[in-house]
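Pasting the structures here.
There are two complexes below, and they share chain A, which is joined by chain B in the first and by chain C in the second.
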Partner chain A sequence: MITPSTVIDTNDTIAKRWRRATEEPVWIRITLITIALTFLTLFLVLPLTVVLYGAFEHGIGVWYAAVSDPDALSAIRLTLLIVAIVVPLNTLFGVAAAWSIAKFEFRGKSILISLIDMPFAISPVVVGLIFVILFGSQGWLGPWLSSNDMRIIFAVPGIVIVIAFGTLPFIARELIPLMQQQGKEEEEASLTLGANGWKTFWYVTLPNIKWGLIYGIILCNARAMGEFGAVAVVSGRIRGETNTMPLHIEVLYNEYMFTAAFAVSSLLTGLALVTIAIKSAVEWNDERRQRIAAA
Partner chain B sequence: MSIEIDHVNKHFRDFVAVDNVSLTFRDGELTALLGPSGSGKTTLLRIIAGLEQPDTGRIRFHGEDTTDLHVSERGVGFVFQHYALFKHMTVFQNVAYGLTVRPRKTRPSKDEIKQKVMRLLELVQLDWTAHRYPHQLSGGQRQRIALARALAVEPKVLLLDEPFGALDAKVRAELRRWLRQLHDDIHVTSVFVTHDQEEALEVSDRVVVMNKGRVEQDGSPEDVYDHPANPFVYQFLGNVNLFHARVHDGVARIGDVQLPAPEFQGYKNEHGQAYVRPHEIEVFAGREHSDALHAKIEVISVVGPTVRLELRTDNSEELVHAELTKHRFRALGLAQGGDAWIRPTYSRVFLPDERVSND
Partner chain C sequence: MSITLVKRRVIPGFGLTIGFTLLYMGLVFLIPVGAFLLYTTTMSWEAFWSAVTQRQVVASYKLSFGGSLIAASINLVFGTLVAWVLVRYRFPGKRFVDALVDLPFALPTAVAGIALVTLYASTGWVGQYLDIFGIRVAYTQLGVVLALTYIGLPFVVRTVQPVLEDLETELEEASASLGADRLTTIRHVIFPALFPALLTGYALAFARALGEYGSVVFISGNLPFRTEITPLLIVAKAEQYDYHGAAAIGTVMLVAAFLMLLIINGLQWWASRRHG
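Up next, the complex of A and B:
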């Protein structure tokens, strides 16, 4: 006789068998998840915790003293200034480069694509040296610059240049595959409907690349704030003048001011976290709008 | 508005896409540009739209030269094979786009735009989708929205690039009937590109057959199908069998079958190819007619109400395809591997080019 309980039993075994056929064995799943979580903990969560712990170990007062020190304030201001110049610049370049690569056919396209990757391939120290050779007082353009009373190396313009160079690929790299995959049909549709090039870009292209662009900007921004090697070479490390936040942290560290070093580090990390939070908020808001519109 | 294409050429590197094409599309006509892929039909359409610049030649809309006019100023409606709807906009915003991007001076008011968009959405029977996004619609619905969007700007000409190419067979058939009706209602000069001969023949007032960048034939659907100008058109428009034929004094002979070939009056004993459509072949089970050709039945396939036979005969290099009704097939009692006798009832003979006198 079939009782309800036996029916459930049979269903259960069928379900189990079916699960076995479509999923990995339990031990594989557990191993993979463990490996992923261990790595995340070791290389992401732990350092973040250490930074925050180190920064606030001696209380908020000490933290505040470290970040409101005139040299620290100067480094923060300089870093923000650089970000404000470099990120818009590279956004413009990235969109223009991706646009031309994805939507047009021209000679030297593959060379342009490889060139865009170059800043990733070259060591930041070498990048710094390249610009010292170009603009330094002993460099090719040095005499002309000094006779015109212009300073690039050991000054803010030099820092802007090396950081712009180092972060150049981020946005372009993010957008090129995206725009290539999207093709140009929507733009063409917009043009046939009477929209000019600028309106087409604003109403059709930009919304389509929005997420790639935001992601690229965040990466570019993070790197611009954190860039060390090339800046160390060209800035001359003048305290209160040409030290960016990473350089200032290194100075503090070298002078055994660990708490101060951690305090400024926590601020730098915080800035990075803020950009990620902004991205998530925009994403979440956009999704919600779409859901409401769809309902 | 008529469209005049005047000696247009276009090449991409070594590839000649459009080869000295001259055509005129009359006002209010629905024309199909028909050809295999790579025949230059899409390029020609894009040149008319202004999405592609011709190397040489002129395009005129109603006598007015538009060759150097930018796409956005030509006033064409363009429908893409893959719809090209704006993914991030609702259906309403998509259809309204052409009106909302107008400069403030010529832009209709919000209410006017709304009325117009809703009227167009009703026209394509999709007013209930106004607030949905393209990805929530089926392929056929998307293409109707794309059409409504193109019509919103009241284009002088409507250009459609393989509009039904991405849809499944049933939706295709439905949509093309619908397009025909729509065209009868709004009468805008339309050109649509297709590689599907059935679509071209069913929908259009006029068919232009293209191959390798050139126009092979230009005429009414009936004309093009019944009187193909050359072997290419014959083969491209529907299935066709090739038989060895002898032409002598206006008569073509395929084996013992004699068929009229009046255009070859005066030709003596020329060897040529006779083109015969599958439905223009009579099939017999026995030797009832002295002139019928003997054949062996290799394959029988039943497709709905029609039966297709593939037959082997000495008079053709390839297998001969014949079509008959299921009813007739049953009456004949034919069997796979058995004998049959076939007789072409109509043929069109083409001689090798060098044997045709041009006077």
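Up next, the complex of A and C:
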């Protein structure tokens, strides 16, 4: 793309000197890029590589044996069951919260927005602890639960609720700024023309927030599948019963079954890579639309 | 007032959406957090105080708070550098690098934990070379700082990056045309504009590191008084059914998290006021 500055740059030597004034010399640029890339290689590329290398080091057969082991399969099944409960609930919450915050004015709105952020700030192990103290056998509601033959801690319901807590903000955080920025004129037009609320949401709002919503759901899903600290506190690590994928990875690692640990990790790593790829695609799409709108 | 009333009539669903929002937040976290804080108040002050000031616990605060401060500082320097390079310079693979910055946000912490310890153990890809110089990372406090740096990496980059993108180069040109050299321009033009974002990113990275568990416990080795972080002690106490001890330390962490949230909100408010 030809911008005015590049045109001036190639034709006008005075302009060239101007450009130099806001840009560092080549050697500084190269040094800074090198430092940044070295830092990112050490912290991002190498951990990624070591997981994938460790998973496939002994061939695809060993990898497959590790991910199709009964305990691994049960961990995968449990993890999928949990996200099938948590992600739809958090999606519903995210859409509802964003709708009420973006389309209406009410008192205490900024407090509500801060409260939605709160689960981000709380340590995952504290999240787990909160529910152990509420529902654990020695906890507040423990005696009542056990006399009614109900189990929350060291069972699936406890894992579901701590993961819902930990991943609650993700979809809402994506949608709130998006819907605030889009305003409410389009919805008002649709409603004035006679469409009802649901139709307006479905045909006007949803297409506008589609990509943000998709990224929010994918991110929420990845974080829900990968949640570790909170689950470690409430699950009790019962093999084949309450081990999620990250807990299964921990068990394998602590039993020195490194290849198997990396094999199960590679599944979650693939999911993380898909997540950041979708994020880039969404951002790229936005940029392109903004450029078209500007031109 | 009449205008808001009319608008409320046009767009439906306020009662439904705000009702569900508050109900869900209430059930999932507001009531549980409230009940947890109430539980802590059933402890006597002496019991609470002795639980939060045990020597082992105090050693863990030093590591958790100190390590998080160091990790956030490393991220402040390198995160700003990465944001600068991504916004200002062109190089092959930039889009890929930009996307990769979010990896610590998307990769499960347990996976990050075993990857880091495998890399930095004395037999690992990086650890074996550091070993030659007598630098040990795995099972030391250095390893804890490394994991905390990893986990906080996206925060400074992602808060500084948009501000740098919006920064008008005209200001720098004006500064240069008035005779300032590059360093003076950076110090007096660029740095003040970035300052609120830098502080926010620093606070976010610190808050994230403070509560981190999964990526740290593998590389730290969890040696009492040396490499135990506070979240680990909470897990250990909960596993031994010492709920009072765990709740007391958990309350300290919760209060620290609330304070950080207040500070971050204040910083963002200040930044948006300066920006707007």
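Keep this in mind: the second predicted complex is superposed on the first by the 230 of 295 C-alpha atoms of A that agree within 3 Å, B and C clash if a C-alpha of one lies under 4 Å from a C-alpha of the other, contacts with A are read in each partner's own complex, and residues count from 1 in each chain.
Methods note: contacts are C-beta pairs under 8 Å (C-beta built on N, C-alpha and C of every residue); 3 or more make two chains touch, one makes a residue touch a chain.
Just so you know, these numbers come straight off a predicted model, no measurement behind them.
By the touch criterion stated above, A:169 is placed in contact with neither chain B nor chain C. Once the two complexes are overlaid on the shared chain, A:216 sits clear of chain B and of chain C alike. More residues of chain A lie in contact with C than with the other chain of the pair chain B and chain C. By the touch criterion defined above, A:117 reaches chain C but does not reach chain B.
Of the two partner chains, both chain B and chain C are touched by A:191.
By the touch criterion stated above, A:158 is placed in contact with neither chain B nor chain C.
Looking at chain A, you'll find residues 188, 191-192, 196 touch chain B in one structure and chain C in the other.
Those residues of chain A whose C-beta lies close enough to touch chain B in the complex are 185-186, 188-196, 199, 203-204, 207-208, 290, 293-294. Within the complex formed with chain A, the chain B residues making contact are 49-51, 70-78, 80, 82, 84-88, 90, 97-98, 101-102, 131-133, 136, 146, 149-150, 152-153. Put simply, chain A touches chain C in their complex at residues 18, 21-24, 29, 32-33, 35-37, 39-40, 42-48, 50-51, 54, 89, 92-93, 95-97, 99-100, 103-106, 112, 114-119, 121-126, 128-134, 136, 138-140, 161, 164-165, 168, 184, 187-188, 191-192, 196-197, 201, 219, 222-223, 225-229, 232-233, 245-247, 249-250, 253, 258, 261-262, 265, 268-269, 271-273, 275-277, 279-280, 284.
Partner chain A is touched in their complex by these residues of chain C: 4, 7-8, 10-14, 16-18, 20-21, 24-25, 28-30, 32-33, 35-36, 39, 78, 81-82, 84-86, 88-89, 91, 95, 97-112, 114-116, 118-119, 124-126, 149-150, 153, 169, 172-173, 176-177, 182, 185, 207, 210-214, 218, 231-232, 234-235, 238, 241, 243, 246-247, 250, 253-254, 257-258, 260-261, 264-265.
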